[in-house]
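What follows is a single structure, and I will ask about it in a moment.
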Amino acid sequence: MQYPLSPDVKPEFCTTGSYMRLPAQREDALVAIVGLPFDTAASFRVGARFAPQAIRQASMLLFPYHPVHKVFPFEDTRAIDIGDVSVIPHNIHRSYERMETAMRDLMAKGIVPIGLGGDHSVTLATLRAAKEVWGPVALIQFDSHTDTWDTYYEEKYWHGSPFIRAHEEGLLLPEKVVQIGIRGTLNHPGDVEASLELGYQVITTQEMRKRGAADIIRQIKETIGSTPCFLSFDIDFVDPAYALGTGTPEVGGFTSFETLELVRGLTGLNYIGFDVVEVLPPYDPAQTTSLLAATLVHDFAALVAERQKSGGSAAEQTAPGFL
Amino acid sequence: MQYPLSPDVKPEFCTTGSYMRLPAQREDALVAIVGLPFDTAASFRVGARFAPQAIRQASMLLFPYHPVHKVFPFEDTRAIDIGDVSVIPHNIHRSYERMETAMRDLMAKGIVPIGLGGDHSVTLATLRAAKEVWGPVALIQFDSHTDTWDTYYEEKYWHGSPFIRAHEEGLLLPEKVVQIGIRGTLNHPGDVEASLELGYQVITTQEMRKRGAADIIRQIKETIGSTPCFLSFDIDFVDPAYALGTGTPEVGGFTSFETLELVRGLTGLNYIGFDVVEVLPPYDPAQTTSLLAATLVHDFAALVAERQKSGGSAAEQTAPGFL
Amino acid sequence: MQYPLSPDVKPEFCTTGSYMRLPAQREDALVAIVGLPFDTAASFRVGARFAPQAIRQASMLLFPYHPVHKVFPFEDTRAIDIGDVSVIPHNIHRSYERMETAMRDLMAKGIVPIGLGGDHSVTLATLRAAKEVWGPVALIQFDSHTDTWDTYYEEKYWHGSPFIRAHEEGLLLPEKVVQIGIRGTLNHPGDVEASLELGYQVITTQEMRKRGAADIIRQIKETIGSTPCFLSFDIDFVDPAYALGTGTPEVGGFTSFETLELVRGLTGLNYIGFDVVEVLPPYDPAQTTSLLAATLVHDFAALVAERQKSGGSAAEQTAPGFL
Amino acid sequence: MQYPLSPDVKPEFCTTGSYMRLPAQREDALVAIVGLPFDTAASFRVGARFAPQAIRQASMLLFPYHPVHKVFPFEDTRAIDIGDVSVIPHNIHRSYERMETAMRDLMAKGIVPIGLGGDHSVTLATLRAAKEVWGPVALIQFDSHTDTWDTYYEEKYWHGSPFIRAHEEGLLLPEKVVQIGIRGTLNHPGDVEASLELGYQVITTQEMRKRGAADIIRQIKETIGSTPCFLSFDIDFVDPAYALGTGTPEVGGFTSFETLELVRGLTGLNYIGFDVVEVLPPYDPAQTTSLLAATLVHDFAALVAERQKSGGSAAEQTAPGFL
Amino acid sequence: MQYPLSPDVKPEFCTTGSYMRLPAQREDALVAIVGLPFDTAASFRVGARFAPQAIRQASMLLFPYHPVHKVFPFEDTRAIDIGDVSVIPHNIHRSYERMETAMRDLMAKGIVPIGLGGDHSVTLATLRAAKEVWGPVALIQFDSHTDTWDTYYEEKYWHGSPFIRAHEEGLLLPEKVVQIGIRGTLNHPGDVEASLELGYQVITTQEMRKRGAADIIRQIKETIGSTPCFLSFDIDFVDPAYALGTGTPEVGGFTSFETLELVRGLTGLNYIGFDVVEVLPPYDPAQTTSLLAATLVHDFAALVAERQKSGGSAAEQTAPGFL
Amino acid sequence: MQYPLSPDVKPEFCTTGSYMRLPAQREDALVAIVGLPFDTAASFRVGARFAPQAIRQASMLLFPYHPVHKVFPFEDTRAIDIGDVSVIPHNIHRSYERMETAMRDLMAKGIVPIGLGGDHSVTLATLRAAKEVWGPVALIQFDSHTDTWDTYYEEKYWHGSPFIRAHEEGLLLPEKVVQIGIRGTLNHPGDVEASLELGYQVITTQEMRKRGAADIIRQIKETIGSTPCFLSFDIDFVDPAYALGTGTPEVGGFTSFETLELVRGLTGLNYIGFDVVEVLPPYDPAQTTSLLAATLVHDFAALVAERQKSGGSAAEQTAPGFL
């Protein structure tokens, strides 16, 4: 049987519960969907724990072929959906450990995980896994916030801090971190500077609109080159009109078309993982936010398939021995 | 591993897509959940095709033990969830065939299916399957409508006619059919008489309230005795306050407590199948209708487990040879 | 062509915009549906101006025959739907005039209007019309509030005052006014006493539950006898579970079954008009409140048809000459 | 009385149930609104059967004058709303026949119908009608999908196939078919090629954005010239942000402004009919999708009025004798 | 100025953000509303952190006088609303400390706090405060779950464990703990026994319906006598029809009328605090759950005012010296 | 304590009920938030009376620093939130008086009010206040409608007429009135001309898109110069995709990014007041409209702070003596 199950085989509303009805295992899988239903670290609205299943449901609206990259992302990569990591709602550290373990196990096998968050703090767990397998990595962060705030009521681990913690833990190559889409009101004028001081590149929404997608894509590609690279997508990068269901919406954001243009332009990079975070189903009355997230997952897998087709799959070629 | 997956093993929001995270197969399964996502035969609101997945999601709110019958319904019966039958949205007859096949295969193995509709027309397919395995069966129908209207714009197969078609096809033992909860406005004074003429017993909501649950239960048990029996539950039996998400709601219905009292009283019968139909997720803003349906499924399985415990499992003892 | 259009003639979702697709005129009409989309007099939530169309849409779920009274309420009374009175949103008095005129014109022809509010202040306009045709009338008010508060920020006309204004204007026979279902917190201990001082009978929800429906029905019938009588139904009489979409919900109310029992018991009275008010579609996510209101309209028409059948139609027999 | 009823005559919330409260008949009508509440052919979400009434309700937000084309579209064309075709939910072919008959009767009288779908399969019925009156016609299709898939589980008639069936039945002039807005994932790389092989022009969203509206408009006008032409608008042409309530949303679509620019640019064509399809009210929490559809209807009528004003009404001048 | 601000002074929709627009401080306050917006300890749905503000908003629908107890609950007790305790979303223990401090400070002044949860774990913090001021107290718990599960993935502090933790910490007088309304599926048969083993009285929904409200009230009063007593109300005590917006709804529950009968019957007790928990605004489409919670707060204050009137205010008479 | 309360001090979901938890009074306040919960003058959808509290709730998603203008808008201006004006729902004139008084009192003290409507008629009351303090003022109106219709059913005061009434009352300097964003269908071709005849500048959406933001900003600045100026923002200026919750949505509008570009460009003007109107919470399922409105308020305050920083605060420098 071919996967994802074609709508020719079974109507799309006959779900199996997995993303596009992918199987839980296949030989030589290159890509794995992983649910990370953890939202305890959110500071305002909560509910991202239900995002993995909502994104999977919305994925039933998608078809197997990607017409821009001209690949079958899930077939070409023999993608699997391993279900949700069994996080522990009230315990950030134990949840991190479990997410880290799951992600590391995949990466160590040369599989590129696509995480379905969860609040943005889940990315820290994934980056810890990546460090073990790949060493410090490059990062492309789509987000309206830098998420490099330090503490929240003296708590160090929350969804506003993953990228300062990642820095402290040496998980990232700071000069190869690009944060795009930043906008909105701030706590302090220094909020953005905090990112710059870590060595990150920060490109605001305003600057992006002035320069255009092509120039941003060029800068990211030049910055990152062939370094193993993680792409983290906070759904609040897009405007709330396109993502009603998110935790800390910021008006003045991107359209879904602009977003896809950017993501689809980021070809040829050595991706070792992706995630899409901060989808909140209880605030998504027509499931359009989940559909956008599901579409991004399709695009992420297509980036892997596209690179593999051109002979450059990160996972197969460059994965250092793990343990 | 024990099933349903205990919330002690994995948080409830980590769904696998199946009812209470049951596996797709187990040895000696006595009960099987089956999705019947067919709603083409509905005459007014549509959307019941999304009910199977919504009921499964809502099932995550349930726990494995049934405190009234004092059984573990799904463990005791080694229940499975075989997923959705691959119906064909626009074709009633081809969909019936597929549903009938799936149901017959289960019944022939001595498994009691619990169908998750779909509109009420899916019951006809299941009763056809039952006929093949069990011969004509008894029927307990919870419903605000008799569903014995003949045609709809000359169409014979729709969600208002399954129980007249079933009669014509000899699927039922008419003197062992009890329709309870009937109420609401009618097309013609003869609408209810049509059921009586078929030989069915019809107990209206008004009569039920006057007589009380115990008396209704007694009548049903006396009528049906040990005959193989199918229980079909149209969610519009309950009041729209308790089931916002249904296709043809009727005010003046039962509460969820009253409903459970009735269902829980119907012990000791020789159930060969169940279904719960007409849940419409697009009209169920807080998923309470799906939760009620999921709870009924728990109760149905408990009725099987309860009977098995007292030595009387229909499936094990009386299934005639099939083929 | 028979009206209401049978679902045998046209599917129920093919609306014409009128209640149960009734025509705008028929000879010898005894009952008329009238939209009163006025909500300027509401003190808290607003939106009842959209109730007439929402109730009409929900009416598509109903069938022509009333199985309890054994009548075809709309066919037997040759009922019509004359559409909405063209109220003026910002002007209470000009709106009253237009509603009064429309209602009076109907009543003067011996037609029993069923008004679809609107906030409860619309009843004052209807009672003024009734006065002109019938003189002071009896009143049965289903409501959780007495609506006999005097002023609201010195404004005399608002949805909390229709029944004190009606008293002042001599529109009611105070000894033949029965207010049932009263409950909830009050502004002052004297709020209910205000009604009693006007000579009205007030039966609280608590008292009703203690005495039972039969006793309440008996009291109402004895009180009103054969006097021309108006029945005004504020949807907040029922519990918010059954009527999510209303302006000033009060918990602790009646179920839809209890409500229908009461309404259906009030046979044999000399009804000269009805209304159902305070339905707010923007707060009615699954249209169940509109459905309940539409069902009540069906019952109101059935009360007229039932009385006509037993030879006692108020309109035909006792309407005094108007002009 | 002038139509549409001006808000000066009756407040906008006083609906009559028809689009902008148009009458059901007028002499010399040039444009007719027709409800086509058929959604059985949908493959995923259902509910478009409620779109005609939702679009009519939303039309109450519109005013009679079109400021871009400087016409009174409905007054200038003496437009009517003939209500809904009485489709039969479960039977595609019988429903097609009824829709075809209704559309043909209008077209034969020189009236330009504006169909309110329904799923996209309703267009096939309309094109059959057009063939009878006009012979094969040109087609402008706004859509994110080509809808030239062949079968769905071996079913030939569904909402993904109208434009391959229309080709087979000779309803279209293939070299005068332009499909615009195509985007999204596909079943097979050949999905779009299928349209090209039929001889259709396919312009993807990506290409459109590169070329700009003016160039697209020019291409369409050059392609179609003065040939009788049908415009079919699938609401999923726009982005889900602008059309939350649709059956198979595709992210990455157009804004409402871009859409109006395109539609308003398509002047001077010989329109013989229009439709707007795939609006799903149960997924449209603030009725914005219905409002967009209602606005498009206003624009469609304006295109007819504009052409008539410049002396070129298709209907009046070129309608061949029917029968 | 009188508080709560009368709707005679300012329309109800002119909120100040506090419960019924109470002031933040008054001399001799006997009752204080306190927001406890903590929901990190929830195991399934989250969002109760928004309940305090939602309940306050819904309180605008209430009036100052309680007609059953014949008191002005907030005026008679000079009630205040001190706003929300500044909890820390990700840290259970630090949040407990802050809630405990706030509650203890109130109790030590002889003020009876009414907590607005929050998930049910907030009650543990309040009971710790009570212990410091009052010593171990009696408990009346309205709930569909006993909340005496031990751990959740080895976590001891979560919303399913407050009443086993409270027992371990000696905060309760076990023989004076009554849990009412228990129902629903269980993890293990021993779930309820766990409560019994702690010495608590458990009365299931089924038993309650058999015995009737009066008998339950009698048992509670006899059990608790004049002991200082805390009343904790989990909104899932009522049926989901009446409380759509809650975290772990259980069908088969109580109506709002039944609930009020029970609460209103519990007069004469020595209340030292109350809370209402587990309201989840994101799942409460028409705010009816918040309204029910707000009404319960009104009733709780009325119980204090009623007892004070009859000379028995716990706070004034029996508060032991604190510090 | 610093205001707005930093999320460092108290989590954002701990609301006090005021905009960004501002205090009700501070010394030397330059900016004041004022709720104007009046919606009786609306002609179609109603519910803007709940906008002030919804906007305040949404403001909890904002942070204190404005990164574009590089100011702390609320700290720099010592901003306050004085709560809601106690309007009288059913009485336009008495409500105007109260709003006018509140606004005048603020303006007379040199405070710049930011009104939270309410329907657009509230602006008339504010402009009356401005006249008393400042004489006739300039006006920048963001809106899809000119709101210079004369009467509505002979009523002069409604939400479609504030800017013709303001003209008649001499509240505006007509040559310094700029209406931008106008679009949509009209009652009569003369609707826009009516504005032009009053001497107002009208820039349609279409023209704006052609000319670009910079040119529009230039025109506005040149037109208004240093004249005391009021900015009124009707939320229907933006597209319904970005503002689902409004009373008379018009498709084809602006994005939130475009809107912010415009507002942020309007620096250096002598603002004496602002308002944002026509937000309707009952139609705003994910509160994104309220969030956009709250963000605009942040921007308005930033414009005041920015000007103050550059030495040009209107209020401080040019306020003529009042009384």
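Per-chain numbering from 1; labels A, B, C, D, E and F assigned in written order.
Following the convention adopted for this analysis, a contact is a pair of C-beta atoms (placed from the backbone, for glycine too) under 8 Å apart; a residue touches a chain by one contact, two chains touch by 3 or more.
Quick caveat, the model's predicted, so the values are computed rather than measured.
Listing every chain that touches chain A and chain F alike gives D, E. Within the contact network of the assembly, the step distance from chain A to chain E comes to 1. Averaging C-alpha coordinates per chain and comparing to chain D, the farthest chain turns out to be E. The interface of C-D is repeated, with over half of its contact pairs matching by residue number, by A-B among A-B, A-E or A-F.
At the interface between chain A and chain D, under half of the residue numbers involved are used by both copies, so each side presents largely different positions. Distance from the chain A centre to the chain C centre is 56 Å, each centre being the mean of its Cα atoms. The mean-CA centres of chain B and chain D are about 41 angstrom from one another, to the nearest whole unit.
The set of chain C residues that touch two or more partner chains comprises 11, 13, 43, 49-50, 88-89, 152-153, 239, 241, 255, 283, 285.
Arrangement of the chains shown, judged by which pairs touch: an irregular graph that fits none of the line, ring, star or complete shapes.
Checking each pair of chains for touch leaves A-B, A-D, A-E, A-F, B-C, B-D, B-E, C-D, C-E, C-F, D-F, E-F.
Note for the complex: chain B touches chain A at residues 9-11, 13-18, 35, 37, 49-50, 53, 56-57, 83-89. Chain A meets chain E in the complex at residues 39-43, 45-47, 49-50, 88-92, 94, 152-153, 155, 157-158, 282-283.
Residues 43-44, 152-153, 183-189, 191-192, 205-206, 209, 239-241, 244-245, 248-249, 251-253, 255, 283-285 of chain B are the ones touching chain C in the complex.
On the side of chain A, the complex with chain D involves touching residues 6-8, 11-13, 60-68, 70, 239, 241-242, 255-257, 260, 285-288, 291-292, 295, 298.
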